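Below are two complexes that have chain A in common, paired first with chain B and then with chain C.
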Partner chain A sequence: MFVLPSVLLVALFSIFPVVWGFVLSLQKASLISPNRPFVGADNYTRIASDPVAVKAATNAVIYTFLFVPSSIILALFLAVALNQRIRLIRFYRLAVFIPVAVSTIATGVMFMWVFDANFGIANWTLGRVGLGPFGWFDSPSGAMPSLVIMTIWGWLGFDTIIYLAALQGVPHELAEAAAVDGATRWSTFRTITLPLLGPATLLLVVWSTISAVQLFDEVYFVTKGGPLGATSVPVFYIYKLAFTSSYGFSAAGYAAALAYALFVVILILTLVQFWMGNRVVHYSS
Partner chain B sequence: MVEKPHTKWLPFSAWHFLLMPVAILMLVPMVWVVMTSLETLAQTQHFPPILWPGSFQWSNYPRAWSSVPFDTWFINTIIVTTAVVISNLLFCSLAAYGFARIRFFGKSVAYFFLLATLMIPVQVVIIPTFLIVKQLHLINTLGALIVPNLANVFGIFLLTQFFRTLPVELEEAARIDGASRLKVLFRIVLPLSLPALATLAVIQFLWTWNDFLWPLVTIYNPSVYTLQLGLMSFQGSHVNDTNLLMAGNVMSMLPMLILFIAAQRYFVRGIATQGLKG
Partner chain C sequence: MRRTHRAKRKLVVPAVAAIALIAVACTSGSDSGSTSASGSAGGSGAPIELTMWHGYGDVIDNQGQTNYEAKSLTDLVNEFNDANPGIHVNLVYTAVNDHALEKLTVGMQGGQQPDIAYQYGTSIPQLSTAPSIMDLTDRVQDPSFKWDDFVQGARDAATFDGHVYGIPALIDNLAIVYNKDMFASAGIDPPTADWTWDDFRAAAQTLTDPSKQQWGWAFPTDATEDTVWHYDAMLWEAGGDILNADNTQAAFNSPAGVEALTALQQMAVTDKSVYLDQQNTGKTDQLFNSGNIGMLVTGPWALSAYPDVDYGVQVMPTFGNGPHTTIAGPDMWVMFDNGDGRADAAWQFMSWLTAAQQVKADSMEAGHLPTRTSVGQAPGFQEAFDKKFPGEGLFVQNLENVTKARPVLPTYDEISRIMGEAIVTVMLGQAEPQQALDDAATKVNAVLAGG
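Our next item is the complex of A and B:
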């Protein structure tokens, strides 16, 4: 049987853990002790009254609202620009795409230096035009926007590639016909190209929201959730609960409940986005 | 094509006004990291920043390399990445061939369930998967990073889609000549699928090489660290040696950057396919 090895692997490492994760969320569990008594829905009822969880959820909402629209709009304009046949286009594409190959940790090392409050190139550049100096990751109000800038740098290439692929599926004839009819380039873009990019936009909105809500690496490595909890996000909290001594390794059950609650939120968000999107987006058959 | 003759007010396209600043913004952090990695420590602590150090401190690289076990971390990462890429090529090809060509009971249900797992966020499965891997006594070994990732659904999906576009006639002819399914897969289907296999290989390589959360959870011992964990600990122990830190950072990024530039086409195709899966 050809599919068996893969199906078994996926069943063992994806489907079974999903079920077990739910069971864990109903237990008082630790990763060390095999003794896991059932506590019913206690872990779930605890979430709403947990100020750290509420703070993490709030931060996730703020991050998502900053990250998703700005990265997608930027990617749209860039993809249109990168779809032109002009000189240096290979260089431009490479410059936009290449952060895709850089790991989140390497990006973190890079941006902690770029945003260094004393010697960083960002403060120096902005200082030349009379702005700053900023505290970036070290300031409670600046940490979140800095995180957004850093992650846009890292993800822009991904979004742009998806838009570029969609743009290359837009038939030339349509734009040419519009040009013959005397349409300006802007109105052609607005009335023909943009609607045809609807499915790609919907996909990117859904996809970016999902990954924004699950932000972890950058927070763990760069800001550690700080300063003053300003960048503490759900997956970071889940990690600390389950895998670190901060909560005595004893909160794996609660962490599983939080993870499940987040999963449900993501599912609902995705369904709502698809439902709203499908009323606006037209798929060409 | 009929086009209005544009009045040329520039010797080059106006798009450069958008693209050049963007390209510079994207590249400046990386270029500055490289420059910093070639400076003396005193130069890194100079304000305004030194953008061109004058004399290059190439010795920062061997110093960074030998100050922590970068060689072990590189080897660990290469072992894990190679194992995961090869096993994915094998298992995903087999499964995809089954889904694309063979009729069997429960096929569409199985395929649906597989695709549904793409929706599962990592934090939901990470705690139970940790417990499974612990049961298998793989915590703190490279096996913890390999075994749960032997086959992934994205690869099955990508190859299934691709196999479906191949003409069946050739395979049927071989089958009539008595070739087994396995032989058809390895002799006919896979050689025709090299672009798709390359796409899967580079994307899987990228994911595995750069993965952070799962190694963070399962590996404690520095001798088992992957490059990402190693880079993190290097950052922790060399916060103030900015020049060495940046040299280490450049070394950690270099293999992936070279692969990306060499195989950009396949990366782009892989990412565009991730777009299609939604």
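Our next item is the complex of A and C:
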């Protein structure tokens, strides 16, 4: 009886939309008109032949391959640096984590200033050492890397904290034993610390990949998918389909189908990552 | 199509604003509620509550400045509420206008649509499919409403398939707004009514100085409707059309379309005299106001954003001997029937709000061009209007150059997106005008064929 309210809430806000979304994905529907004829699996078969969906998927793959490895490697580096006994360590840890607590919109506003092609501090600074000027968000080739830099800045603190916690769980005795046996610091790190960080790495890979594939806020606010579709990613395209008519007046059903396709892709990605992860990750020391 | 230059600053406040406005509206309403009800809409008892969504922002913006567009509307609503105890209109600021259709779409999902909503005219064909939208065709024919008094282009935009679904809320048009001081210091003559686009291009080039972060012109290149309607005016001036006469085929890839886009290409790519505003979140207005941009092609709503500039206003340049065609973006009040006699009450309010006297009051308070011809043509109006809002008088005259309208189609947003992508591709130097327009025409034809 005590769980009934929670069960009802979950049913209302999770299960109902999931079912309704699936029904919608079988219809040719706009969210304005009540006239929603069923079209069977048409919305699903349309995906592969839709150049905009293919472009969005390609952008998601590029973004994921740029974002996930670089943010995890950088986080590992930072976590090791922040795992030292030095003065002001708490301050440094806080500084690294603060961007996570900053809202996406604030991050977006800040980076739009920093990366402004004409007045931004990034081009000004790089200009001093003879580089640029770069177009950043304004250039079709530069927008995606700029987006990657912005989101890494925003999420690095989270990854770092996870690694930091994992690092503090690595038993000192192992490192000391290795040192007694004559191992260098690098080989200790590579053969002892790194394997023990396996579970954390797996978590971060899975988590970052899911976030990367679902990228939306930054794109919506900063680049709006542009310039010329260079940063159009799946969730942004789904939003455009469902809530605007710039990709067709009755595209909400198709948007729902794409959302389901995205769900399946993420599910498969995650299962593959866990399967691969379980073959290389050691859970006990 | 009133885009707000305040869009960026307001992002954080809409929710707070909405709550505040509801609170304000409710408080002010309680006074009138106590007087005996004799409004035509109801007998005694609680007044009929109406909800009205708009995109003008807060009366006092988050920089402490009075927002006269919002103030004008709020004052009028309060005046109506005081005079009509049987009806109470609640004014709610929901979102900037670029997101008005999204807000309404989401609202309708939960059956939470307002009684009256501010919408772009281009959204009318889509909204006509909403189950509870009010078909105003018969109501506007009431002689006392004087439907024919509204500007022609606005009436056309309110009508889809012979049915009227909106009442004009705002009209505007595009003209050159230029910085007098920048022209003087560059030693060139300011724009005249005889200017061609070649003159415009030459001036833009002279005004451009990269070392001083100075551009001759600015253009919104975010590939939205804002990009497209700037191009539309040029397309029409060159003698072209967006679609053919019966809206079945793309027509913008004509020689006229190429001429218009080539003019943009020459300035943006060859001369680099155009500041390309990719995000289009208000930076252009700031740069014009700070003296970094010499000329803009913009509308009457923008003038209040340039307090620091001594600006002039001039009609659009022509292509040779062609017309000064401009484009108007009529915005609409769209109404929904939410039952319980609210439709009649909403109509009573709307016919009062858009009557000549209130239209004139709103123009003089907010600087909006009058939506009714009788107001704009009244003796002395243009002089008084131009005196209070320098430059606005030309925008009133410029309404005469509004001779064409965008196609009224449910697929218009999709056509606009395709055209916007083509224009931006060319302006970023990634395609040639003819090729880009031909590709876009192929896609538009597929959309029109129902593909």
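Just so we're on the same page, the second predicted complex is superposed on the first by the 280 of 285 C-alpha atoms of A that agree within 3 Å, B and C clash if a C-alpha of one lies under 4 Å from a C-alpha of the other, contacts with A are read in each partner's own complex, and residues count from 1 in each chain.
The working rule: contacts are C-beta pairs under 8 Å (C-beta built on N, C-alpha and C of every residue); 3 or more make two chains touch, one makes a residue touch a chain.
In this text the structure is predicted, and so the values were computed from the model without any measurement.
Participant: Could you tell me whether chain B and chain C fit or clash when both sit on chain A in the superposition?
Facilitator: clash
Participant: Applying the document's definition of touch, where does A:Ala200 land relative to chain B and chain C: first, second, both, or neither?
Facilitator: The first partner, chain B, only.
Participant: Just chain B (first), just chain C (second), both, or neither: which does A:Ser245 touch?
Facilitator: The answer is second: A:Ser245 touches chain C but not chain B.
Participant: Per the contact definition in the header, classify A:Ala48: touching chain B only (first), chain C only (second), both, or neither.
Facilitator: neither
Participant: So, A:Val129: does it touch chain B (first), chain C (second), both, or neither?
Facilitator: Once the two structures are laid over each other on A, A:Val129 reaches no partner at all.
Participant: A:Gly226 in the overlay: touching chain B, chain C, both, or neither? Say first, second, both or neither.
Facilitator: The answer is second: A:Gly226 touches chain C but not chain B.
Participant: Touching A:Ile105, do we find chain B (first), chain C (second), both, or neither?
Facilitator: both
Participant: For A:Tyr260, is the partner it touches chain B (first), chain C (second), both, or none of the two (neither)?
Facilitator: A:Tyr260 sits against chain B, while chain C stays out of touch.
Participant: Quick check on the superposed pair: does A:Phe137 touch chain B, chain C, both, or neither? Answer first, second, both or neither.
Facilitator: Second partner only, chain C.
Participant: Please tell me which partner, chain B or chain C, touches more residues of chain A.
Facilitator: Of chain B and chain C, more residues of chain A lie in contact with B.
Participant: Check each of 22-30, 40-48, 58-66 or 184-192 in chain C against chain B and return the one that clashes.
Facilitator: Clashes with chain B appear only in stretch 58-66.
Participant: Between chain B and chain C, which residues of chain A are contacted by each of them?
Facilitator: Overlap of chain B and chain C footprints on chain A: residues 31, 105, 118-119, 243.
Participant: Any idea which chain A residues touch chain C in the complex?
Facilitator: Those in contact with chain C are residues 30-35, 105, 112, 118-119, 137-138, 140, 222-224, 226-229, 243-249.
Participant: Once bound in the complex, which stretches of chain C touch chain A?
Facilitator: Against chain A, chain C makes touches at 11-12, 101-102, 105-106, 108-109, 126-127, 129-131, 213, 221-223, 275-276, 278-279, 281, 410-411, 413-414, 416-417, 421, 424-425, 428, 430, 447.
Participant: Which of the residues in chain A end up touching chain B in this complex?
Facilitator: 1-3, 5-7, 9-10, 12-18, 20-21, 24, 31, 77-78, 81-82, 84, 86-88, 91-92, 94-106, 108-111, 113-114, 118-121, 124, 153, 156, 158, 161-162, 164-166, 172, 176, 179-180, 200, 203-204, 206-207, 210, 214, 216-217, 220-221, 234-235, 238-239, 242-243, 252, 255-256, 259-260, 262-263, 266-267, 270
Participant: Which stretch or stretches of chain B touch chain A in the complex?
Facilitator: Per the touch definition, chain B meets chain A at residues 1-4, 12-13, 15-16, 18-20, 22-23, 26-30, 32-33, 36, 44-49, 51, 91-92, 94-95, 97-99, 102, 104, 110, 113-114, 117, 119-132, 134, 147-153, 156, 181, 185, 206, 209-210, 212-213, 216-217, 228, 231-232, 235, 242, 245-246, 249, 252-253, 256-257, 259-261, 264, 267-268, 271-272, 274-275, 278.
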